[in-house]
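Same chain, two partners: subunit A is paired with subunit B first, then with subunit C.
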Partner chain A sequence: MYHKLEVKNLSAWFNEKQVLKDVSISFPSNNVTAIIGPSGCGKTTFIRCLNRMHELVPGARVQGKVLLDGRDVYRDMDAMEVRRKVGMVFQKPNPFPNMSIFENVVAGLKLLGVRDKKVLSERVETKLKEVGLWEEVKDDLRKSGAMLSGGQQQRLCIARALAVDPEVLLMDEPTSSLDPASTAKIESLIRELKEKTTIVIITHNVQQAARISDFTGFLYLGSLVEFGETKKIFESPKNPLTERYVTGRFG
Partner chain B sequence: MDSRKAKELLVRAVTTFVSLSVAIPLLWIVADVVIKGLPAINFEFFTSLPAPFGETGGGVANAVLGTLVINAMSSLIGIPLGVLTGIYQSEYSGDKRIYSLIRTSIDSLAGVPSIILGLFAFTIIVMRVGHYTALAAAFALALIMIPPVSKATEEGMRSVPIEIREAAIALGLPKWVITLKVVFSIAKGSVITGSLLSFARISGETAPLLFTSLFSYYWPAGINEPMASLQVLIYNYAMSGFGEWVTKAWGASLLLLLIVLMINTLVRAVSKNKGGY
Partner chain C sequence: MMIVQEYLEKINALLIEMNEVILTLGDYVEDVLKDKRGGLLPLTTELCRAAQMKEEKVQETCIESLIRLQPFAGDLRTIATSMKVAYHLSRICRYLRNITEVAEEFSLADCETGRTLSLYREAEEMVQVALRSYLQRDLKTARDLIKADESIDQKYREILRDLATGRHSGACILFNGLAARIIERMADHACYLANETIYMVTGERRIID
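Moving on to the complex of A and B:
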């Protein structure tokens, strides 16, 4: 199995406080890998290290390696290249308020100078179809993204992230602010998206990890306690801490 | 009535009375200017040059044009400088010392009386070129525009939430693109509001013009020449003691008041539907 993204001995700090301790994980291509763990375990910091968003915070520091197709994202690539190849979807939908639905989807292309109307229109249609939003918004493409419901906004944000053809898609609790129906739509979307990209998703919802992921990593107090196929993590965890967490006895 | 209710009533009565009475001067001014200025307004008022002292008729067309030209030049200098300063302060001033140096300078500039800015423009421009010039007026008024424009820009951009910035960063966009095409674009409403308000503000400034563009009874002859303006026309004519000119001064005041009120209405319209944050 090919590993698109490999994390080797990753540690991260905010000033003096260490929030990640020597984490190593290999993410298999075209699979969904879930990172689970209680609040404050370092999940968000971990995922933000993968596309170099962690370093944006003053006082933040990283040690170790993150390899994308064998290239170290910290030493062999510049941050913008990394972020174009490793897309991200956030906890709260964050469409650009000054842009229409159309412009939001192709923001990454348009702002980098792609002017060709045909290319942009095609991209908008393909990506909105991929996230299942096309039928709902095809007549309102010129309207503001802010008029959509929370779940639609989040799918718009996924379309925006996909529109630059990322090789890896990071999702930071993408359904935590959504209602159950919108959550279900996004979960089925995630299962489809893995055909084309490698997905890393953070969730504090253990059932969600069980439903959508192929692999699961359990992070606790900044350390990776256990990593493996989701089925095994949930049915026969090796570590008693993992077992207690996935059965809901703490969290 | 118990004393608690009496106090409540007293506070309500006093604040109501005082706030209504502070509205009186404004209404009074507007009414006075309209009553005394309206008779001066006719077609000739907007299209003709001033008539010589002692003669009737004529207009203030050169002063209207002059004020617009001076304001336009001031905006061309002041708004870009203010906007760029605001962008720097909000997005690029990593060093706290540089930030506070600029912040303090701008706050101080905002506090300098306009007559001193006029004198400053007089010494460094008018005295050098040897004659009064509208360019010096534009320079002095631009200095008045910079602080409000830069503050409106900075505050508008700072209020763009981190979530929106992160969305742009995560797309792999360079910082300058995020700054100009995402953050600045969202803050545009605030920038336009600040620029319009500063435009309204300089439309009333008179002291700096007395040292710089002074006045002319003719059409503007060039931007490096003395130039008529409504403000200085009001000042000259009101003090002339000649009835025809005093009426013209009232007419010009009415015009100036209308310009400023129009801009304020425009500002309300802009800030109402600026969207974003």
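Moving on to the complex of A and C:
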């Protein structure tokens, strides 16, 4: 099994406070990997280290390696290249409020210098179709993205992230603010997207992790307690701490 | 909303009730094998239906807990195995009823049933030990029980060899042969039940013959 993204001995700090402790994990290509753990265990920090967003926070520091196809994202690549190849979808849908649906989708492409209108239009249609939004918005492409429902906004954000053809997609609790129907659509979309992309998703919803992921890692107090196939983690975890967490005994 | 522990307590209570039916059925089987008593089929059929209804109740409770709680890990394994344990207990009830059914077909007055009775008592003890190991999550007892199945198989083969000696009547050969076969299967289900205990406690699935 090829591992698109590999994390080796990763530690992270906010000033003096260490929030990640020597985490090593390999993400299988074209699979969905869920990172679960209680609030404050370092999930968001971890995922933000993968595309160098952690370094944007004043006082933040990282040690260890994050390898994308064997290249160290901190030493062998510049931050722009990393963030193009490793896209991110956030907890709350955050379409650019002053941009239309069309402009939201192509925002990343324009930053990369793509100006050809035909290319941009084709990309908008392709990506909105990929996220299942095209039929719902094809007549309103010039309307503001902020006018869409929460679930539609999140799918728009996913289309925006996909527009630059990322090789890895990071998702930080992408359905936590959505209703069940919108959540179901996003979860179904995640399952489809893994055909083209390697997906890492953070969720505090263990049922969701069980539903959509192929592999699961359990993070606790900044350390990776257990990592393995999702079926194993949720049926027969090896570590008693994982067992206690997934059965709701703590967290 | 009920928590996992409350569901498990409800399920275990139903399993214990199923076992009480097994014990009652067992008394009737003793009557057949020891005292050659007949006419028990209506009673055992009724008891068997009661056990099946309890099995249905276990399945319903397990499914409700899966829907409501979406349990994982040890909780998930316990719920999943409870459904199988209820099935095995229900099958054991049917086996016991089947012995009384076979007894209706033959005149047992002159039959020597001591070996079959002895086989039954051993199998019945296996069922009780298997269920105890499940309810108490006793891994060692469950493992030992599976190993002990060979003794039942051996005694079953001895009964068949004895029946083939020509010193028994046709009716006795048929009754003892059929009853011993049913009892041997009953012991197999005790082993399956013990195997569920092993999976529930360890998460390891093993295939047993």
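FYI, the second predicted complex is superposed on the first by the 251 of 251 C-alpha atoms of A that agree within 3 Å, B and C clash if a C-alpha of one lies under 4 Å from a C-alpha of the other, contacts with A are read in each partner's own complex, and residues count from 1 in each chain.
Following the convention adopted for this analysis, contacts are C-beta pairs under 8 Å (C-beta built on N, C-alpha and C of every residue); 3 or more make two chains touch, one makes a residue touch a chain.
If you're wondering where the values come from, they're calculated on a predicted model, not measured in any experiment.
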| item | value |
| --- | --- |
| Simultaneous placement of subunit C and subunit B on subunit A, clash or fit | fit |
| First, second, both or neither for A:Phe234, with subunit B first and subunit C second | second |
| Residue contacts on subunit A - larger count, subunit B or subunit C | B |
| Partner chain(s) touched by A:Arg160 [first = subunit B, second = subunit C, both, neither] | first |
| Touching partner for A:Met80 - first (subunit B), second (subunit C), both, neither | first |
| First (subunit B), second (subunit C), both or neither touched by A:Val206 | second |
| Inter-chain angle, subunit B to subunit C through the CA centre of subunit A, in degrees rounded to a multiple of 10 | 150 |
| Which of subunit B and subunit C A:Leu111 touches, first, second, both or neither | first |
| Partner chain in contact with A:Gln63 - subunit B first, subunit C second, else both or neither | neither |
| Touching partner for A:Ser188 - first (subunit B), second (subunit C), both, neither | neither |
| First, second, both or neither for A:Ser24, with subunit B first and subunit C second | neither |
| Superposition-derived minimum Cα distance between subunit C and subunit B (Å) | 33 |
| For the subunit A and subunit B complex, residues of the former touching the latter | 51, 53, 56, 80-85, 87-88, 90, 92, 94-98, 107-108, 111-112, 144, 146, 157, 160-161, 164 |
| In the complex, subunit A residues that touch subunit C | 206-207, 210, 234-237, 242-243, 246-247 |
| Of subunit C, residues touching subunit A in the complex | 4, 70-77, 202-204 |
| List of subunit B residues in touch with subunit A within their complex | 161, 163-164, 166-174, 177, 181-182, 185-186, 188, 275-277 |
